[in-house]
Structures are given as C-alpha cells and as structure tokens.
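For reference, the structure discussed in these notes is given below.
Going in written order, the chains are labelled A, B, C, D and E, and every chain counts its residues from 1.
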Amino acid sequence: MTFVDLALLAGPAIMMIGLVGHLLIGDLLRRIIALNVASGGVMLVLLAVAAREDVPDPVPQALVLTGIVIMAAVTGVALALARRVDAVSDESEDR
Amino acid sequence: MSLDIGVFDALLLTGVLLAAVAAVLVPRRTASVAVFLVFGLLLALLWARLDAPDIALAEAVLGGGVTGALLVDALASKQPHAPPRRLWTVVVGIVAGTIAFLAAACVVSRLSGPTGELPRLVDDQIATTGAEHPVTAVLLNFRSFDTLLEIAVVMAAVFAATAVSDRSWARELSASGELRTIAMALLPVVALLAVWMLIAGTTRPGGAFQAGAMVGAGLVIAHLTGTRHASTRGRWGEALIVVGLVAFILLAFSTAVAGEGWLVLGESWASAAILGIEAVLAVSIGVGLARIFLANRNEPGEAR
Amino acid sequence: MRYPALLPALVLLPLLLSAMVALVPRGPRRLAGAAASSITGVLGSAVVLALMIDGGSWEFALAGWEAPLGITLQADGTSTAFLALMTVVGVAVTVYAAAEPRLAGGPDFWPLWLVLWAGLNGVVVAGDLFNIYVMLELVTLAAVALVALGGRSAAAPALRYLFVGVVGSLLFLLAVALVYAETGTLDLLQVTAALEPGPVLTAIVALTLLGMGAKMALFPLHAWLPVAHPAAPAAVSAVLSALVIKAGVIVLWRIWFGLADDATAVRALGVVAGIAGAVAVFWGGAMALRSSRLKQIIAYSTVAQVGYFAIVLTLADGSAAGWSGGVVLVLAHGLAKAAMFLAAGTLAVAYGTDRLSHLHGAITHTPMTVAALGIAGISLAGLPPTFGFVAKWQLLMAAIEQGAWWWIGVLLLGGLLTFGYTAAMVRATFNRPGDDEVPAPHRVRSVLAVVPFTLAIASVVFGVFSAGLVDLVAEDPTVRGHG
Amino acid sequence: MMWWIAAGWPLLLVAVLMASGLLPRDAAERLRDRGSRFGWVAVVPAGILCATAGSETVTVPWMLFGTSVALDAIARPLLAMAVVLYGLALAFIPRSGTERPALLSGLVMVCFVANAGVFAAADLITFYLCFTVMSFAGYGLVVHSGSRPARRAGRIYLVMTVLGEGAVLSAMVLIARAGGLRLGESAAAVAGSPDRDLIIGLLLLGFGVKAGTVPLHVWLPLAHPAAPTPASAVLSGAMIKAGLVGWLRFLPFGESEIGWGTAFMALALLGGFLAVPAGLLQDDPKVVLAYSSISQMGFLAVLIGVALAVPEAAGACTIAAVVYAVHHGLAKGVLFLGVQMWDVERWRRWPVAVLMAVAGLSIIGAPLTGGYVAKYGAKEAVGAAMFPATGGASLAEVLPWVGLGSTLLLARFAVVMWRRDRAPSPTPITRDIAWAIVAVAPVGAVGWLASSHEPLSTTPDWFDPGTWVAQSWPLLVGLVLAVGAARIARGPRWKDSRIAHPHGDIVPPGDVVTLEERLVSRAGVGLRAALHRLEGLATDIRARLTPPVSLVAAVARAQRSFSAWEVSGTVLLVLIAAALGWAAVNGGGA
Amino acid sequence: MTPDAQVDYSIVPLLMLLTSLLPAGIIFCLREDQVRWRTTLNMAGAVAKVGFVVALIPPVVSGDKLRVSMPWVPGVDLVLVTDAFSLFFVALSAGLWLVTTIYAIGYLEGAPNRSRFFGFFSLCVTATTGIALAGNLITFLLFFEMLTLVTYPLVAHRGTKDALDGARTYLAYTLGGGVVLLAGVVWLTALVGPVEFTAGGVAAVADLAAERPGEATAIGALLLIGMSVKAAIVPLHGWLPIAMVAPAPVSALLHAVAVVKAGAFGIVRVTHDLFGLSVAGELGLLPVMAGFAGFTIVYGSIRALAQDDLKKRLAYSTVSQLSYVALGAALVSPLATAGALVHIVHQGMMKITLFFCAGLFAEVQGISKISQLAGVGRRMPLTGAAFTVGSLGMIGLPPLAGFVSKWPLALGGLDAGTTWVLPVLIASTLLNAAYFLPVVYALWRPEPDDQEAAVPAVPPRRRLEAPAALLWPPVVTAAMVLLMGVAAGWTYSPWGLAEIIAGGSYR
C-alpha cells in the first residue's frame, strides 16, 4: 500500500466531501469553497495517477495545471455572481 | 518511486483530509475561508510530495494567493440568513456521499497498472519541442491547443466578471502613507519573482501560469496601495487581457499558413516561440486575474 | 476535396474575433460583433458544405503530434449535422441580436457569444477527452455569463447554472482521469479500442452519464433549466436551449456509443437512462401545460425533449434508424426550439410581457411570429410535414425493430403532450371577439418576426426534403462501430 | 321522342311557373294567371302519346340506372283515364275560389307526370321513382289550403306515406335482388325468390296505404275534404289506382297463394262493408265520396285476392280490375268535380243534378252505364271462386251486397248535395261542357275497352233483360231502402236524432285515426324522454374521459420541491452513489 | 384503383397541389383590405384545379395513371398518383371548394381576419387534394395530419370561448386518431416496407396477413381506428357536433366534405387498396367495421332527432350518413363498394347544400334553431327550395342523388349476405325522414297567424332574398344533387365513375 495508492484513495474522499458540502450548503460563498475543495480532490486523483511510476508522468500534471487555472477563473466568476445575488437579496429585504 | 508511507506522509494526508472537512463544515464564512487557505497550503505540500513541483507552485500562487484574495475580499458582503434547512437532505446527502466514496475507492483500487506509454513518448520527443521541462513541453507544444483554450477560458471569465459587475469598480483608491511604503518595498520583489519564474519555466518547474499569478498578485497589491494606473481600466487594460490569446492564435494561424500546420513549432525556433508565448500569457493572466479581483470589489461605501 | 485543416479554424477564428470585438468600444460593438459572427457563420457553412460533399470523416492532429501525444480533432457525419445546426441557429441568433439589442442583453453579448460559438464548434469536432472537458468549461462559462446579461434578477439562475455546469464537468473530469489511468491515452478512438468491459468502464460511462445529464438537464437533474433559460434574454435562451444543451448530448452519445457495448452493467444504465427520459417527457409536458408564461412553457418543453435524447441511448443501440432518428431529432429540436424562443422574444417586445393572459390579439397583429410559434410546436410534436416527424418516424421504426413497444407509447404520447401546450400557446394569441381594434402593440421591427419564421419554415422544408440529410447521418461509421 | 314531350311539357310549364317568382311582381301575376288558365294543355301531349304510341319499351340509359317505360295492356287504359281526369281537374282550378291557383296547378301537373310514370313504368326503379314523387306531391295537394284541418290531414298523410314508402322500398330492394329489375320478369322473380312471403307482405302494406285498404285507409277521409276539390278528384280518381297498379305489377299471380289471396279478400270485403256505415254518418259530401272510394277500392282488392288465390282466373281478374279502375276513376272524378260544379259553376241546379246522377248510377252499376259493364266483367272474372271463410258462399253472391252498400252511400251523397246551397259565378263555359261529356262518355269508352280484351273479359249484351235484373237488383233494393230511410228521417219523431241527421260527430272522419294519433303522440313523448336520457349519458361519459388533473397537480407540487437547491443536490448525490456503487459491485460482469 | 395501367411520370399531380398551395402562401401575406387580390387568387386557384380535374378524367378513366415521387427518408419516398379513385375525390373537393369559396367570400363580407381565413382555407384544400392523390400510406399520413393542423385555426376562427373550446376538442380527437394511425403506419412499414396502394390489395400485405394474422389484424385495426376518428364513427364521433361552432363555410366545406370525407376515403383506401377485400375479410376487419358503421348510422340519426339547433342536427346527420360509406366499404360486393364510393360525392354535395342554407338562414334571418324556422321558406323561397332538395336527397327519395347511392348499398348488402343491412338502411331512411321532414314542413308552413307579430319585419322585397354570392352556391349544388340523381346512368357521372372504380378492386 504505497503512498500513491493512499493518495489515490484520498482523492475521491476529498472530492466527495467537497461535492456533499457544495450540494447541501445554502450559503453561496461556502458553497463555492466546497466546490474548490471538490476540484482539489479530482486534481489529487490525477496527480496520484501521474505519480504511480518513478518518473512522474508530465501529461496528467499538465492537465491538473490547466484544471487549476480554469477552477480559479470559474471561482472568480462565481464570486462575482454571488456578490450580485446577495446584493439583489439585500435590496429585496430592504424594500 | 514507490515510497512507503513515512510519518510525514501520514500527517500530511490526514491534515489535508481534516482541512477539507473543516472547510466544508464550519458554519461561519470567515472561519471557512481561513480553513480553506490552510487547506490550499497543505494541498500545495501534497503536490510537492507527489513529485509535481510546478503544480505545487501553481497551487500556492493561484489556489492560495489569487483565490484566497478573492474569497477574503468576498467576505466583505454580509452573510444572508440561511434558508430553513431540510434535515432529511443532510442525512441522505451524507450517507450517499460516503457510499459514493466507498464505491469510487473500490473502482479506483481496481484500476490496472500504468502503461507508461505516454511518458516514454514525451521523453523521446522532448528534444524537438524546444523546452527541457516535460510539463512545459506538454503544455506549450504537445497539447498547446489545451493551453490556448485555457487562456480563452480565462478571457471568457474576465468578460463574464466585467459583464456581471456593475460599472462602479473602476475608481482609483487613495491609500495612506504606510501602505504606500509597503508597496514600494514589495512590488519590485514580486516583479522580480515573476520574471524569474517565467524564465525558469523552460528548464525547471515554473512557467507562464505561475508567473501570471505573481503578476496578478502584484497588480492587486499595487491597486490596493493606491499606486496610479494599476486598475487595469481603460483601453490598455482591455488590450492586455486579450493580448495573450490573440498572440497565441496569431501564432497558430501563421504556423498553419506558413509552417507545416497548426501550432507546429519548428525545432529551431521552438524554444524562442515558447518563451515568447509564455511571457505574453503571463501578462494576460496577470492582468486578467487582477481585473476579475477588481471587478468583484464594489464601491468603498459598501457595508463592511 | 478534403480540408481537415479547416477544423481548428472553427474554434480559433471565433476566439480571435471575440477578442477583437471586446476591444471595440461599447457603442459600435454591436456592428463589429455582427460582422464577426457572420464571418464565423460563413466559415462554419463552408466547412459543413465541404464535409457534406466529401461525405467521409476528417481527422486532424494539432501541433503535428499524432494521437496519444497530441490532440486530434475529428468530424464525422454526426458532427457535420451538429455543425450545420450550430451554424444555422448561430446566424439566425446573430441577425436577431443585431436587430434588437434589448433582446441580447446589451453590447457585452457579442464577445461572450463568439466565445460560446467557438466552444460549441470545439465540442462538436473534439476528438480528445480532456480537450472536450476544456471546451465544455468554455461553453458553460460563456453561457452562464450570457444568462447573467438578463438583468439583475438573472444572477441567481446564472449562478445555479454555473454550479450545476461545474459539478457536471468535475464528474466528467473524474471520468477522464479514470480513462487515462486505465488506458494511458486520451484520444476517443484509441480509448474505445483499448477499454474492456469492467468496473472501471462502467464507472466511466456512469460518471459521463451523470455529468452530461446535469449539463443537459436530464430528468432528475433538470431543476435549473426552467429557472435559467427563461431568465436569460430571448436570443440567449434560444442559443441555450437549441445549442448548448446539444453540447452535453453529443459528448454523452459519443462516449456512450463508443464505450458502451453489450456488457449487462452498461445495458442496465441504458435502461435507467431510458426510464429517466420517459419520465422527463411526461414531466416536462405536464409542467409545460401548467405554466402560464411563454418562456417557461418553452423551457419545460426542452426538459421534455431532452428526455427523448436519453431514450435514444437505448433505441439507437445497434440500429441505424435509431441513430439517424436521434441525430435528426437533435436537429429538428434545435431549429424548432430556437424558432420558439425567438418568437417568444418578439412577442415579449411587442406585448411587453410573455404572460399568456396578455397575448390575445397577437395572431392578427404579429401573424408571422405566431405562425413561427405554431409551426415550431408542430415540429416538436413530431407531426408531419415537419422535420420533427422525420425524426419521430425513424425512432418509431427503430423501436419496432427492437420490439420495444413501450418506447412507441412514450414517443406517441409525448407528441400529443407537446402539441397540447403548443395549442395552448397559439390559442392564447387568438383575439377575443369584438376587440379586434385592441391597442396596437409596440412597433416590432420586421426582422424580429422574419427570423423565427424562417427557422420554422426551414423545419418544414427539411421535413419534406429530408432525404439528403438523413442519408448523410444514417450510416455513421466511426461512432456506431459495433452492435 | 313522343315520350320526351309527354313528360317534358308539363315539367316545363311547372318550371316556368316556379321561375315566375323571379319576375317583377305584376308580370309574375299575369304569367301565373295565364298559366293556370291554360293548365289543362299540359296533359294534351300525354293524351296524344297514349293514342298513338306502340307498346314497345323505350329505355333512356343515362337516366337513373337506366329508365324504361312502356304502354302495355294495363298502362294504356289507365294512362288515358289519367289524362282525361287530370285535364279536367286542371281546367277546374282557375277561378274556383282556391287561393294560389298557379301553385296548385303546378303541383297537379307534377302529380300527373308522376302518376303517368307509375302507370307506364317498365322497370322497378322508374316505378319507385314516380311512386315516391307522386306521394310527396300528393302531400303538397293535401296541405295546399293551409288551414288547421288540412295541416292535420297532411301530417297524418305524410306519416303514413313515409311508412308506406319504407315498406315499398324494402320490397323493391328484395325484388331487385331476386332479379326482377324489369317489370316484365318481376312477378316471376318474386315468385322464385326465397323471401317470397316477406315481399308479398311488404307489398300489401306499402301499396295498401296508397290504395286505402282497411287498417291503412285512415288518411283518405281526412285528406279529401282538406284538399281543394280538383285536387281531391285527382287524388281519389287516379292516385289511389297507383296502389292497385303496384299490386298488379309485382304480385306473383302465377302460383296459387291461397293464404295471401284470402287475406286480401278478407281485408277488401271488410273495407267494402265497414266503409258504408262510416260514410252514411257523415254530412260532408267529399267525405262520403271518400268512403265510397274506400269501398270501391275494397271491391278491386277482392279481384286481386281472387287473382292471387285462383291462378287460372288471374288474367281475367287483372283486365277486369283495370276496366273497373278506369270506370271508377272517371266516375269518381266527375262526382268530385260535380261538387265544385254544384258550388261555384254557372249552370243551373237541374242539369248538374242530372249529370251527377248519371255518374252515380254508373258507379253503382246501373244498366246502360260504364259501371254496369265493369261490374259484369268483374263478376264473370270472379266466376266460381269460392271464398272459404264465409262458409261456402261464392264471391259472386257477395259482391252484389257491396254494390248495395255503395248505392246507399251514393244516395246519402245525393241527399247531402241537394241540401247544399249554391253560389253560381261566371266560370268559363268550356270546362262545364267538358265535364258534362266526361260524365256521359265513359259508358262507351268502358264498353269499348272491355270488348277490346274479348277473349279474357266478357261484355254483357246491352239490352238483354235477364242480365239487367241480375245486375241491378242491388241497385233497386238500395234505392228503396234509401227512400224509406229519408221518409222516416223527415218524420217528427226522428227529427233531432243524431243518427237521422248525422253531422259527422258520431264516427269522426278517419275513425280509427284518432286512436292512432293518441298512440303516436304518447310514443313521441316517450321517445323524446329516452333521447334526453341518452344525451345525458353521452355527456357524462365524455366528462369522465377528461384526463385526471390530479396527476398534473402532483407533478407541479413535486417540481416546486425540486426547485430547492438542496433537494436537487441530494438527488444528484444519491444518483452518484447509485451509479458508482453499481459500477463497483458488478461492473465486472462481461 | 384501376389495376396495372400504364404509369407515366409527370408533374401534374404536383401542379394540382400547387394550385391551392401557392394561393395560400400568397394570401397569407395579403393585407386585410386587398379584397380584390384575394378574391382573384382564390378563384383562379379553384378554377385551375377544376380545370385539371376535368382534363384528367378521360385519360384516367381510360386507364393511365400520372405519378410523381420524391425520396423522403432512406427507403421511403413520398408518392403522388392520379388513379381513378383519387381523381374521383379530387373532383369532389375541387368542385366544392370553388363553390364554397364564392360562398365564403359573400359570407365573410366585412368580417375581420379574412386573409388568415382564406389562407388556411386553401391550405385545407391542398391537404385534401394531397390525401386524394397520395400513392402510399406515408404520403397519406403526411397530408392526413396536415389536414388536422390546418383546420384547427378555421374552426377556432371566430375566437369566441366556445369556438376555441370546440376547436380544442376537435384537435384532441383528430390528433388522437392521427397518433393511432401513425402507429399503424410505422408498424406496417417496419414489417413490410413502404407500401403503395394497388387495386385489389397489396401482395406483400396479403402474405403478411398469411404468416402473422395476429399482427396484420392489429395493424388493420390501428389504421381503421385512426381513419374512423375523422370518419366520425360512433365512439369517436364526439368532435363533429362540437366543431359546428365554426363559421358556416367552414362547417360546410370541412365537416361535410374535406375532413369527414378524408376519413371515409382513408377507410376505403385501407380496406380496398391496401389489404384488399378478401384479406380484410379473413382478418375479420370487415364485419367489425360493418357492425360499427351500421350502429353509427342508426345512432347518428337518433341523436339528430333530438337536436333543436339546425347545424347540430346536420352534424349528427353527417355522422350517420358517413357511415354509409364505411358500411359500403366493409361489404364484399361490387354494388356495395360502388354505392359507398358514389355516396362520398353525393353526401358531400347534399350536405354542403344544407350547410349553405343553414348558413344563409343564420346570416340573413338570424335563425339557427329549428323551432324558429316557421315560414322562413316563404320569405326565402330559393334557399328553402335548395334546402328541401338537399333534405329530400338525404332521405333518399329516388330522383335525387341520395337514392342513387342508397339503392346499390342496400342491394350490395343483400349480395354480400349481411342481411341486417337492409333493415338498417330502411330504419335510417325513416329516421332521416323523421328529422328532415319536420324541418322542411316548418320551412314551408304558411305564416302561423299567432306568430305574425313575432316574425321580424321582412326587408323591402329585394329581387333576391340574400346577397348573390351567398344565394347561388346552394342553388347550384342543389341542382347538382338533382342532376347527379337523374343523370346517374351517364358514363362520366359520379355513379358511372364509381362503378368503374369499384370494378377495379374485384379484379
């Protein structure tokens, strides 16, 4: 049971934690955080796969890099939208 | 490199798992963001442990840095009261989550061994790609189309953030004296780091994305500390955001028309092309991420 | 006559144009955007024509690196059909958005629309799994931003759409990771050859089904669509329902018919997907009958029609008629749904609201738009002489070949339900007796009426002269390789 | 060619009259007036045809499955009679006090064409065509005056005619199926067809309505007073004979149909005898005449019955029936027109009375009259036919008693006419003279007709006192009884008794019909109630069929809960768990 | 239906479709006030179509067929063929379209939405022509459904609440039928491949019936049920009386000719040209169909008896009369088949006269109930006369067309050995008389003195009782009823043609 296998198991774990959190939490910001956690989990699976051999396989690593950048961009947009949603719900409360 | 499990590894893995659970479970926003930053850091360590140094670097800069900044900035808005929770959803959700994890684990465990065919191919061909570091080679030559699309995603994200935010973000900030001095000290270091990462990318872990993130961070600091024309607004801001993608596509077009085919980098000028592209990408990503950060910030007058 | 080199241009040209349009200041951006979109449209139609004439399927390895290492793009009969749909609807939406900025969500529409178009073209011709993931992300992001253009109240639905899209993509990414872990390659054709039935394959297919199911709003995961599509501006909701949904569909079909074979596990998944599809048909139909707003009805109609796409998973397994029926259904639905949403947009401009109770008299004042609505409804219901009927005919033939009489029931009753809410919409536009001099609605530019009408007429014309298109799609060598 | 003119000319006149509606008002009036005055001209071509045409069948292939007409032994005399009668009636219409004379003459012309068609038809469909058109045109005549009794009579006439039509149509179809499309072979076809009895029954019923056999005679006494006098003359004179012709054409005289023969004879005799008391109790001359027609038609029906029962006598009976029909038609027509002569025409009382007396005597069969010849021929034709039911009395003895009945009826008619007041007005002379001629002429015509069929029918030698007595004893007994009754009635004791001076209230005209009307109206009410129940049943079946709305409401509720983020999230989680679980558990199975 | 005649390729069938499709397209674009354009287009289209029909009758009767086909879906193509039977039906619809167009132009004088009306009106005739000319089952289905879709806006034209409800019920019924038909067609095509109508039945279908009688019967049942909805056979007839809410020309053309006849035409096509009588007989389809048709004949007449609204009574009468055709088609005898075929034309002609007159009564005198009809005949003699001719024809009195179709039906029924046909026909004749004669009686009744005051003052006596465009069509069709009845023997009369066509299917 090498470390890589353990990491391989931890990947889905973190992903499911993230997904469960994302899908059940009401507050938008915490939901975005959970989403990032889930994305981290998937990246872990990919990197664990890459690390199965002595020389790490560069292709999955490249994929993960692209994944992280995309996740960052998506989080940015999600936060912008979340801010607008909260602003709209504030207005509706004040009225 | 089949490492047996050392103490440090066990600690690291449990740490990551605990941080993940905490980030999700803790009810208040600020605590959740804090734990998430820790989680980001631990994750970077894990990547390093899994022998993926530039991924670790990217995670630290992008995951921890930029996303962290965005999240902290998002804390400004008030947390609306949570809608009434349905108990049964939580219970069922968690049970389903665990079952899914167990099943996924079982599936993952039955994966057959690595064929290692692709890494071998990369090593054979890396010589002609003009970049010693395999990841950079894959990113900017073998699968350069993916990177191009990734930049397009970032550009799209920038367009989206600008479209969503109301136009009031673009004002200069006046900052007090101390901040200005910190800025004066910090900015040159950040710039230097960015340039170094960019150049190191071809041989050692590093590269466009990490450099881009640094540029972004720098711009954010500059804006926060009130230095002039750091707000990525106006004509130049737009141009810088799109310059990365435009350059990349023009390269692709030129290779298609003049060279042997789309994105086929000739051996002789491949490394120069890669470096050029990386520089432009870094700038674009930096300005883009900064623009996203700034688009999220509203008027200072918003409720703290 | 083979120009596989044109394939990357399908993606890169719109991206380049989008970047340039973004640089154009807000004022003249509408003009620049329209020009850029028409260039993309011309390119798209050129590629489609070349593909049709050539008839075969093209492969193109990017950056000169062959399959496992580099990324290949592939275009076969199916992608030709999807490309044709995206070009036709794309041009129509461009004209529509250029004519009425309010219906497109202002100048920000154009760069995002070009990015979306590039993403859609990309998904259709992508041959590499991770490339598909990135394309899907690009499409989702652009689509979410376009939905958000629908005004302040559109933010929440847009966000929900983003979350669902990203969760779907994550599940798909996990599947890609499993594929790479198992076979060591990311190219679709090589994967289909390498993967053997087993838990991993079943997991991959299951994850893809769930991921794409979320993206295309298949029954249990459909809750976001009736909220998101109506919130978007009319031109955007037309693109969403007609094209964006299809990105999820084509990815699901490629992977399902590539990987799924006679393994009992996968067949069971197919049956579950079929059942979910059948429930979706009736669920969407029932909800459409109940809703009182035009756009909501059309959105629920999409939920219903997506049900059919899931049923195609079981119907097309090993039957040429089923497969061509499925692809023709996608085309027919695309045309009809785009026509419907654009018509709804025109009526919203003309009458200020899309609430059914306020639309009486529309049949006299905007006859062309109501005709478009009616004809599109007829095509969705699969009644002759429209294109939808051709699709339903093929699916029925496939169902009979497999002796699956329950699908026949779903197909026929679904058609009736569809016509139910179409008739409800048309009925609402009749003018009450005596009030023929109802106050004239706001002046509507004739283009807003002509565009949906031409799409509707196109679905009738294709309905009658459908032989060419159906042949093109029928024998699709690569994907339906087995069974 | 002659046929075209004969049929086309009257129809052309009718068309002109109808088209007159389009002309401006005064021109239309002038046209109509001239049209009705010269109405009788319509029958002239038919008369010429009747005289000159040969007896070959003329067929018109393109008309209505191919129509064919022929003037054979039966058709020619009847057609001649019809020509004379219709001509006379048409002449009597103008300035006879009836309103809208043009419409009346048009209707009579249509009736004429149809009636002629019935007589001359040589194929089944033409026969049925003309029979139906005649029936429905007849309805027009009956309701012409538009008064309330006329409408009631019309309604009853219509109902009975339609029922009759139904029977005739089914009979025709059955005959056609048996191959009897051409009338020549239809009798043989009926004989040969499997459902022979059904056909004969339907024929009895269908033509019985028209010929006024007993239970179906109720419309006659109501229709005649209601219709204008010329119309009732035609109705009673020619149209009733259509029923007779129907029997003659279709009944299978070839084999011995004892059962049906006796049935015919029984009904006929019943009609003959019952009509007399009902007729005597009336005070309207036309009703009396109607009952007299019913009894005379009964007499004819007896001939038919005999022909059916005794095949050998069939030929003679047919000819006798035709002769008798011609005689009765002319005489009865004269009597009916006589009523109008008495009421309106310019002549003085005496000449009209004398001439009517001649016609009356002819009906009774007094010597030196047409009736004498006809009755003699009939008695000879009947010959020794036994009528089993009456315990062995031969028909020959029974018939004279019928003659007695009709004598009494005519005596009643004479009494009633005498008491009727007159309003002579300056009517055209020509038609009165024509009337007089027709009143007198039949004796010669009938005699010639009977003799022309020598071998079959026998004609009495005119001046043999032996046959006179044998023929005319019922006449004498009848007269004696009538004079006796009249003297008693004038006596003081009987002065106010309702029997002596009946006003038609003891036995209302159409006697049995009042019962049937009540029956029909009750049935109508019942039917309407049943229909409404049926209607109610149909509507609530449809209501139950509407789709269950509750299902759609359940979907809507579920959708509302679905729209919450957590719920759809949970669903997704469950699906992921299920899918991955499924893959892990047995994904391995090939 | 004429057997293997010489078939030559020509685009005439397509032109026949275009004569009404093209005007429809153009009329939709006309503005409301371009009346002259619209009228000329309508009339040109109608006359052109009638011209085509008249030109085609001699060659088609002599045996050759014109055919045009176009690939539609791999293995299946759309076929238009002008054989005798299709021409027979096109002649009917073309002729009556011409007459109804004139009537509609008069009827809708000054009404709103006329462009829309006439556009859909022409489309409806295109669909009917398409149904007639369809060479195979799929083309038939295509136009059959198009007919449903195109008639919906006509029925709902007035926009009142009950017009829309009526249209919705109409749609529910006919679409349901369409779906059942689609199922049947697909099933058959899947098993036997695209099937063309051939006189006397298709060989492939015959041996399908031989191998798998069960499935063949099921397919036959589906097809016939699908047709029966439009042919308004009892359980599926509910829509017809409800759809009477449409304006008069619509209910005249649609519910007397186009829609209803399409159903009847379909039934004859399926039983005669697809299965062939012998095969349909073996499968047991014919007796069932005959049973239903017989029941409908009586049921329709009884329901008609109870209706006070004139158009509703005419509707139920159509329900009953239509089943004559179904009954005739289901009887295995040349006479019955010929009777059924000719009844399609005769019933169409008679019923359209009655609907025209009903429309006139409603339009000129504002009377729609039978109880109010007292004495109307006197005020509107010509319309009254036309109505009388029409109703007497419906009852089946000899000189008129009704008799010409009822007589062979009765004879055919007896030939085919189903003896119960005669009593049903006789009962129906009596019932027809029962519900038509009172109307005629009321029509011609002299002004009842008590109602004198109640009757609206008659407008100053114009020369004609109603506008010319409204008055002449019923008179013309009444004259046709008389002519078709009297001149039935003529070779080119409907009866003559029907006999030729019927002969074909007993080859």
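FYI, contacts are C-beta pairs under 8 Å (C-beta built on N, C-alpha and C of every residue); 3 or more make two chains touch, one makes a residue touch a chain.
Quick caveat: nothing in here was measured; it's all calculated off a predicted structure.
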Both-way neighbours, i.e. chains that touch chain C and touch chain A: B, D
Reaching chain C from chain B through chains that touch each other, fewest steps: 1
Most remote chain, CA-based centroid, reference being chain A: D
Central subunit by CA centre of mass proxy: E
Chain whose average C-alpha position is farthest from chain E's own: B
Computed distance of Cα centres, chain D from chain C, in Å: 78
Distance from chain D to chain B - Cα centre to Cα centre, in angstrom: 109
Centroid spacing, where centroids are CA-atom means, of chain A and chain D in whole angstrom: 102
Inter-chain centre distance, chain A versus chain E - centres from mean C-alpha coordinates, in Å: 68
Residues of chain B whose C-beta touches two or more other chains: 85, 89-90, 93, 96-97, 100, 103-104, 106-108, 111, 114, 116, 118, 122, 142-143, 146, 150, 153, 156-157, 160, 164
Overlap residues in chain E, where contacts from two or more other chains coincide: none
Sites on chain D at which at least two other chains make contact: 565-567, 569-570, 572-573, 576, 580, 583-584, 587
Chain pairs that touch, as defined at the top of this document: A-B, A-C, A-D, B-C, B-D, C-D, C-E, D-E
Residue ranges of chain A in contact with chain B within the complex: 1-21, 23-27, 29-30, 32-34, 36-37, 40-41, 43-45, 47-59, 61-66, 68-77, 79-84, 86-87, 89-90
Chain D partner contacts - residues on chain A that touch it in the complex: 19-20, 22-24, 26
Residues on chain E engaged by chain D in the complex (per definition of touch): 238, 302-303, 305-306, 381, 392, 397-399, 403-404, 407, 410-411, 414-415, 422-423, 426, 429-430, 433-434, 437, 441, 445-446, 463, 485-490, 493, 495
Chain B residues touching chain D - in the complex, by the definition given at the top: 85-86, 89-90, 92-93, 95-97, 99-100, 102-104, 106-107
Partner chain A, residues of chain D touching it in the complex: 565-566, 569-570, 572-573, 576
